[in-house]
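The two complexes that follow have chain A in common; it is paired with chain B in the first and with chain C in the second.
Presenting the complex of A and B:
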């Protein structure tokens, strides 16, 4: 099967004829001896492109019209849908964590960087006992945020995760919105993958809640 | 039953006459949705999803029987409507908490809701408060329960505990309008569902049963969950390792569900044990006793060097039967090469018993197995504490009674309320210890074909028969003539007048009469009550397949040779088929593979038992060995099947094969010996990796292979000795374990929390001066020990049970070899 396909594609191997699938690429001939090589070096070195670049720099320097962001002294605002380091959100009503430990993020993660341990707590509820994301493996695809049924795990704007080693683990507490932020009412909802889209109400089929 | 052809959805399939349509379809890979039906159990008819149209009539596939030429349609417009409505009803008030539910991912409610395309809800009813129940090892969440009653069915029809039943829900009635607007079956199903929940038969707060956990395994939703597993893992994270349970000789197929221990610890851990509950049922030890692995950090080279030295010095290897066939083969090879004596008393007793049995039967092994026992309808058990020796034998007995309208007869000295609780059609006879011979003679007397039985035996049996005159009360119908006054019209005068008329009438009357009946003195010797024969005759009505289960009491009986020969006679000359229960996990395998010796020599290597140098998978020896859940290899089960088992948890230490290699044998892995197992004993030359371990859709067991029942030479001598009149009396002790415990391996498991000690029945404790927790000294002719009293409501009567699962409690020392002994017990 596979072989047939290849044969079909490269069936016409007659390089010389006009109707073949092959054509010649226009490239200049390779230098044949030392003299030709020398001529090519001179031709390429003294063409003047170097000075074009130098001129642009000089011109902009004199104009003082600089667009470069002075990172890290200066930072661009990040869009609300940007997918940087994860955050764990809390419920507005009770300040408790939204995560219910369903494990869907762990399952969907295509780079297999999320792991979650759960247990039964003293109130017989499911509790997340440990949660970790290996940022060395994470490709920031956003699937975890998209699959999360509780809008608990989301991406945040924190993109500065350079460190002296590749693996850098995030734990549950690192990601959780600090209680101060909740008190101040400044937890920001994520608008990217997994967030509730406008007109969501119209798309959901209702179940009768007669009681 | 004959083979017939039926047509399902245009496909011609072959099945047995009278087979349920659902089973016929499943066996042929045709899908009919069903929730409440359990293969091997009686149809429950709770879910009604299996609606099909058979010959134009709507029937339930789970209880409609196939007939020749039947034409079945699995889906019609009406059936699709019904099924969708049924699934909508199941979703009414079902909490949307799949995110935290333990069943999520393997939930039949999720699956069928998706399958039937339920995307909107047309029905509603006020919910009632349904509080969680903690039933000990099981957690019940009635909020998630769909009352399919699969737990109740499994417990009643398979396990026999009858611990669960449906109880009233206390909900409002369904609104009248639904009755007219809803599909008919969906309404009927809702009506029943809305009235019930699952509760405990005992009415107590805590579940008191034999704790097998089968109810939680069969639960299609997250209503019944094993407490130890709650919220520890999602189903999809677990990797299934097909294996064979290593605790008893039943050799049940299980899967160890493993996952990394935690984020910090990537070592594999067993989270739970699952089974194919349609085809195999586990006991509590199989289900909850999974963490008996021997955790070893690394290879202990000094211990290994010492082990090699010990092997060079030793002349005896003493071992238990909790090893694989391959290890048994290794031991036998070592014996052949270096002349070690192999000592394993319990396997030796079984081996001798089988050999004695073979002298008459002409076969190496008993003829039947437990799988077939499920389909019998009259089962006798002799010499086994059935519920603890081999729980699957109890399930087979119970299943044969509940599903095949069968009956059972249980002979044992130890009173057993669990066996009595199996139902009305089980008869129990609690004879004295040592009377097992009389029992077998009685079975011969009652069931054997006397025209074929050896003459001496017939004469001997006849010597116990006489006649006696008994007074029986009988109800007969007697004709009496009554004079009654009736009003009649006088035809001449035309007036009503009273006339006397004679009327004949039959009335029942009780009379007593004296009749001469057969007097069977064997019954009197065993202490049977007078109603025994009458009851037996009643139970024997319409029975046509008979099984005799023989247990471990017989193998170590002082007259075991005679018992073995009697068993062979029963099998040969009566309709009874025979199954024997091997004592431990691989007793059968060991007794086939190893040549065993009686006496130990001067220097002993112990394998899982104490020796001068001890190899132990329990972690308490001089050199560590892997436990069964850390090994690959095969185990020989009671069903004469060589079952493969796999590694669930890694092991870093040395194993027996390393020692054997160092001593000059050559095999990289121990499973290279699987194909070398002795063919002349019935094994096959098969590679380990080619052995299957699963069940087919029609229930066919594809696991390893079946041993061939090799013919052995017989002499024509079929004589059996007369039974001895000996019986044990006085204070009796019995060597047996509580349910869920078998060996020190089960004792190691965290979820099996049975107490070690001297087991006395509640009944006995209430009558005696002893109390639970008292420290007592038990002294027999063979030895003595001191332990505390454990009260057990799973036994009754006065016999005291000495468990062997706790290695620290040396119960074996109290017994010479027979499982019963007389003893004295006093408080200390």
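Presenting the complex of A and C:
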């Protein structure tokens, strides 16, 4: 429906045809001599356009339809794909970290703001030992979220990341979804790059594990 | 008697200074609010109830800001220029009757500092001197853009002095006096005796010229906001800039008083209702300054000069001639 309208709009570009969407704007001829100039001045002076402008602003004042968002108290909703400060997601099945320490995000990061270090833990599994993102360097391009094979690092909606210095680091634990959130089942999936199917989280079954 | 008159005058001057300095601040509050509402914004809301204390916050900021005198400026002139603007604005107020005379504790008070018989001439003259504030400020600033703005401001001021003078010449011929109190008494017979009915052209011309004299938006070429810099005030900071600001807003209030008294009957018969009427008219004219700022675009300098010399001045002269013929 929507696409049809767009196609129709862009398909009909013939300016000359009478039935096209395009039409010539009516511009009055420029005055050729002094008398015509004078007539234009008189016409413009007495046409009352100044009062139209006055009425428009007065109408808006009376209507009092204020559009201000009082920012710290009120916030605009942002899109689900908004690329703000990163988050580290957990698995729905077992509540463990999704990150497998592959290091692709560090490799692809074009502003070199991600540093990752891994080690082999006591169970002989690869474990992330150090992980940091320098938000002062990050340009929020989204490559790290796009390249992540496990949908572990994603962007979140937290855009209030002003800091008192340029180097403003986030560590793995800062970004990781808290366990409380997982237990409440309220981890929000990122809908941007390579996201899983919508409502996939409702279909997965929990692994029977006791913490 | 002499001493009593002296003390009374001093008190009046102090009261006028205090009231109109405060009004200049409150005027900025109203300007922000009115402009905001007309543009579907909220304006100042955070400081105090409805943002009313924003005025105080601005005052504290202006007073405590560092007073910067840039290098290469002509120091003395640079420092005195804002004082000229503010001082001339308040000096012009000396000949304006703000309210009808009233009795306070058995003592009759005339709310006019000096009822001189050349009131209008004095007010126009002092407002003309007010030109030296922007002009000297811009010339002394060692800044090309300040200088340009000052030159433009001087051109506008001097051109529109002509309109102001010529347009009120016709009412002066009718009243036969230059005192604003005589003007008021000439129109004290109610709405039908207002000069605006017999001199509508002069009224419109004077009103238009008032915008140029105060440098308000359709003719806002003096401190040209849409050039991002602040015209002649570019190099000023802190309270020196604040004095320019107070001068501009005080001028707006005073010119509103002058228009109301000259053309719209002033305080009428001097009753309490008449006094309220005068304040109402002044409030309307002040509001109109803000209203046009929200609604109208600025005109170009050449359009402004064209309007002044090719349109308004001939109309003013024709108006005087016709008035003279009718009076004969």
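Couple of notes before you dig in:
The definition used in the following text is that the second predicted complex is superposed on the first by the 132 of 211 C-alpha atoms of A that agree within 3 Å, B and C clash if a C-alpha of one lies under 4 Å from a C-alpha of the other, contacts with A are read in each partner's own complex, and residues count from 1 in each chain.
Just so we're on the same page, contacts are C-beta pairs under 8 Å (C-beta built on N, C-alpha and C of every residue); 3 or more make two chains touch, one makes a residue touch a chain.
None of these values were measured; they are calculated from a predicted model.
Using the contact criterion defined above for the overlaid structures, shared-chain residue A:150 touches chain B, although it does not reach chain C. With both structures placed on the common chain, the touch criterion links A:70 to chain C but leaves chain B unconnected.
For chain A, the partner with contacts to more residues, out of chain B and chain C, is B. Judged by the touch definition given at the top, the superposed model places A:61 against chain C, while chain B stays out of reach.
In the overlay built on the shared chain, the residue A:115 is in contact with chain B alone; chain C does not reach it. By the touch criterion defined above, A:103 lies against chain B but remains apart from chain C after alignment on the C-alpha atoms of chain A.
In the overlay built on the shared chain, the residue A:184 is in contact with neither chain B nor chain C.
Those residues of chain A lying in contact with chain C across their complex are 41, 50, 53-54, 56-58, 60-61, 64-68, 70.
Residues 100-104, 106-107, 115-120, 124-127, 130-132, 149-150, 205-211 of chain A are the ones touching chain B in the complex. Per the touch definition, chain C reaches chain A in the complex via residues 34, 37-42, 45, 291-292, 294-296, 311.
Residues 98-100, 104, 119-127, 132, 230-234, 236-237, 260, 262-264 of chain B touch chain A in their complex.
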